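Two complexes follow with chain A in common, the first pairing it with chain B and the second with chain C.
Then we have the complex of A and B:
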């Protein structure tokens, strides 16, 4: 059972990292805490389901279109709403949370409730890893998660847009002096982050069901990982995902499943008390306060 | 002038003391207003409302409810109270129920709260405004105890759906059969951390202990949990022959997929709400063969052995072009409208106290079996639809069919265990 816990703990860690990457990327570049993130995660899944089930479009094309659509919506949210309140953190949070609520509850209003909202797994079946059975889809989550991290590193180090993202993340005013359009980059960061939420959704949700409540838990998980790791730090996200992922799985196995959900909340609490900027956070002013 | 002021105060005091008393007097043709405040966003709540509307349409098509020779149509007023959604506090649900009572001036309520926690709090509200309610979703038997303890105050609350107590009766019957057929004696319990599921699992756990079964483990999951792998690994490590499940959240559907992929060599039986409807086979890629799932009220699943249930199921499918998905709520919701209609006709009024007495006399052959209330205003559930209302356990076949396997009076097939489960037990 210990071996199984290690394997499932690792998968859980990658799942958490996958969920948090998009939220972290947007915050790291534009400084916007996108509280509509969970809703965009679910939007991508419902879009894929609609394309696949109602419009009978090929599954992989549906996935691509759903991710593009979610990115587009993310960009629109910044361009038409968040741009107006940028630089006012509380307003950003309220506005984005409100948009998220509206998206999720709109799906409920439209009747997207029930057991038929499921996405097919990419490859069916399970394999044995040293006697522990695990579905192929979980292995794909691990593969896609690792591939995404490598892609993001390459993108931000070797492409013009990626370098502009890093410039924005390091010092927005200096980036402006160098001719980087900060509004355009912020829009792109929202679109990019939303697209990553979409990738996470269509990779993770085939293991379960597309449900409105999933949007709230995705946001909570993304927040927990980013706060513990340090908002805006990719290394922090990865380390926090591993810590929380293993802690959740070990808690569920050796203490009790009903304690699993509070692991991330306890982690947030502990980190806010002892190191409010997070394990790898760069907001030093937060630390100076304590 | 003094007299006018005094009279106004007396009138105001009267209106405060008897806020909705006057609407109990109906003129010929006035509608009978039935409120449906529930968690409409849930599949159980949404389908229950559809069934209430279906029953009301059928009754109205035949002229409506007859009170002292005059016909009255039924008018349905629905309201979303979201009490089953994570994080929604009970007081918010109560506000929704109070609003529908005061604004829509309902004569009675059907369906009612989704969560038992909300039902318990609603009972005082119903007593305050004297509005009879026939609950069809919340399942905790704690409300019956409250009615028996103080019948004068809480007499307005009735329930037509199954309760945790009766669900345990159904489960123990199934467990006995599994023991006889396959010699199963080791169970692992998994339930959602909500009042009705905790009560059901605790009741079953007590029965297991008394009946010589070994409970190899027990895990509770908060609403919204979607990773069950740790509990499944424990069940596998402890060689459980049976995995008992008790969940009503949409995310619980993943449990069966995870159970199959981890290859836990035990039979899964209990209640997982997304597995109840016939669409589950397609939704879960045909990977649910062998799963035993409860249907809380007959009618939510068709039965060739009990024609009223079959007729109701088919009528719903024909009207809404889709089969029922939920195993809990729709049939008793439909039935409740007819129970109410007959009680109003017996009482000859919609006045609450008289109507409650008429409701207590209910005895009809309904879509989920015979409908009669006990002292706790709970419909009596048993194993024969000719004698009592009935809940059922069905099993998914490998061909994607739902076949009732318990109780024996309506069983269509014997319980079977998949080959890979039997192989591991040899």
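Then we have the complex of A and C:
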């Protein structure tokens, strides 16, 4: 029982980290809090579903297409809407939130509600892990999550675009001096973040069903993890995901699954009282920047 | 570009800015017309329309109150994405007082207004230390989570809610109460923001570091602004509870968060009259658009995007400019 809780807690942590990575990446690089994140997450899942069910495209191919489509949409959102209000946090928040709302509620309007909207798992079946049965999809989430983190680390340390991303994140004006086009990088960062949202959706959602509410809760989870970890800090995201993930699973097992949602709220409030910049908020002047 | 548009204040505007407003009837009318005519029109409309549109006007007034409260928060640099929090807390306090303690609306509404303000301020107190998007994030999260708490613990009627609450004497009474509340809040906020106190609030929005440097405790001022805004929101919730004679999970719905923001953005932020105007356009419009059903929220979302990007000043600023200034094309000097 206890061992099972530990394993599921770990899976839950990786799930949270996957959800939060994209949001965190976009915020860390361009400073845009993408409130359309949850909508992009669901958009990827519905796109994959449409490609798979209506157009009968191979599952693997439709996944790839859905992720590419989502990141394309993310880039478009920045290029045509957020670019115009860059630097005005109030307008950024309202505009991106409006986009997210429009996308999510449009799917609801089209009637994408119900139990038939499910994505198939990649590999069916379950394995026994020291006496605890766990389905292969959950193991895949862990695998993909870890692979993504390693990929992101390599990407931001050894490629030109990745280095430019980090340059932007550290000091935008200096990056500009060194010939880094900040608008282009910010567009790319939004596209990247949205693509990560797509990857997260397509790995995680086969476990449940695709629903509009999933978009809102994905956004909330991403926000909770990022606030607790410190906005813009990847290490923070990972640590916060582990903390919240285990806390959620333990709450669900020992207190009741209804209380799971409250864990992240309590975590946010506690962290804001004791360390407002988050666990690993790198910018010490975070209070001034946000 | 040979010509540019030049905007110059009308002479009468300059004349009405001081004691000279009492110069003649013309100056006094210039000041009175934009304030009195809308109010008169509003009350004339209430006399002419049937019960159905009276109900619509009540909910319009409720959304206008939420929009005003949103605008006050924004004026102090706090962007709220969850006006439903204030609304819902006020509504639940009223419901609880009426259902479990049998208090009459005469007591529940004032208690819920003040109590709701206190509860929301305390809930959001930790977030006040940070600016901008943190506040937006937490206000977005709180109403959604409170719904889950009520669903999970089954307190206060759980998913069923509390029904059979006391109603107010008549629809007309509800209508006038809500409209008077809107106007009172509107004029109070408009006056407040132009006092020294309001200057501090606007200073916090524009540059909170420099306000701190002046030896002012910005957290204390933010908490006060938050209390005022959430009390107004809670009053709206309390009123709506007695109008529907029901309180339940729908009070935390997205509608109560989105419509006020959309109203403020469409009407013009920072003027208080703008958000109210926006509410009086959007709510009846959405009532008329009932046929499209779920598409409503999509339309609000698009309104938010289009207005923030293409017309950030909003409708009210546009009219205000036309009223106070005249425009002419002048040659650009090379």
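Note that the second predicted complex is superposed on the first by the 283 of 290 C-alpha atoms of A that agree within 3 Å, B and C clash if a C-alpha of one lies under 4 Å from a C-alpha of the other, contacts with A are read in each partner's own complex, and residues count from 1 in each chain.
Following the convention adopted for this analysis, a residue touches a chain if its C-beta (ideal position, glycine included) is under 8 Å from a C-beta of that chain, and two chains touch if they have at least 3 such contacts.
Predicted, not measured: the structure shown is a model, and the values here were computed from it.
Colleague: If you stack the two complexes on chain A, which partner ends up touching A:90: first (chain B), second (chain C), both, or neither?
Modeller: It touches chain C, and chain B stays clear.
Colleague: Once the shared chain is lined up, is A:223 touching chain B (first), chain C (second), both, or neither of them?
Modeller: Touch partner of A:223: chain C, not chain B.
Colleague: May I ask you to decide whether A:256 touches chain B, chain C, both, or neither, giving the answer as first, second, both or neither?
Modeller: Both partners, chain B and chain C.
Colleague: Would you sort A:135 into first (chain B), second (chain C), both or neither based on which partner it touches?
Modeller: After superposing on A, A:135 lies in contact with chain B but is clear of chain C.
Colleague: Looking at A:108, would you say it contacts chain B, chain C, both, or neither? Reply first, second, both or neither.
Modeller: both
Colleague: Between chain B and chain C, whom does A:33 touch in the aligned arrangement: first, second, both, or neither?
Modeller: Second partner only.
Colleague: Between chain B and chain C, whom does A:184 touch in the aligned arrangement: first, second, both, or neither?
Modeller: Neither partner.
Colleague: Determine, under the contact definition given at the top, whether A:157 touches first (chain B), second (chain C), both, or neither.
Modeller: neither
Colleague: Of the residues on chain A, which ones does chain B touch that chain C also touches?
Modeller: Overlap of chain B and chain C footprints on chain A: residues 108, 216-217, 256, 258, 261.
Colleague: Residue numbers of chain C touching chain A in their complex, please.
Modeller: 74, 79, 81, 126-127, 129-134, 136-138, 140-142, 144-145, 148-149, 151-153, 209, 254, 258, 261, 265, 293-295, 297-298, 300-305, 308-309, 312
Colleague: Which stretch or stretches of chain A touch chain B in the complex?
Modeller: 1, 4-5, 8, 12, 108, 111, 113-118, 120-121, 124-126, 132-135, 207-209, 211-214, 216-217, 248-249, 252-253, 256-258, 260-261
Colleague: Write out the stretch or stretches of chain B touching chain A in their complex.
Modeller: By the definition above, chain B touches chain A via 41-43, 46, 85-87, 190, 193, 219-231, 233-234, 237, 249-251, 253-254, 257-258, 260-263, 273-275, 277, 279-280, 282-285, 325.
Colleague: In the complex of these two chains, what residues of chain A are touching chain C?
Modeller: 33, 35, 81, 84-85, 89-91, 93-95, 97-103, 105-106, 108-109, 216-217, 219-220, 223-224, 227, 256, 258-259, 261-262, 264-265, 268-269, 272-273, 276, 286-288, 290
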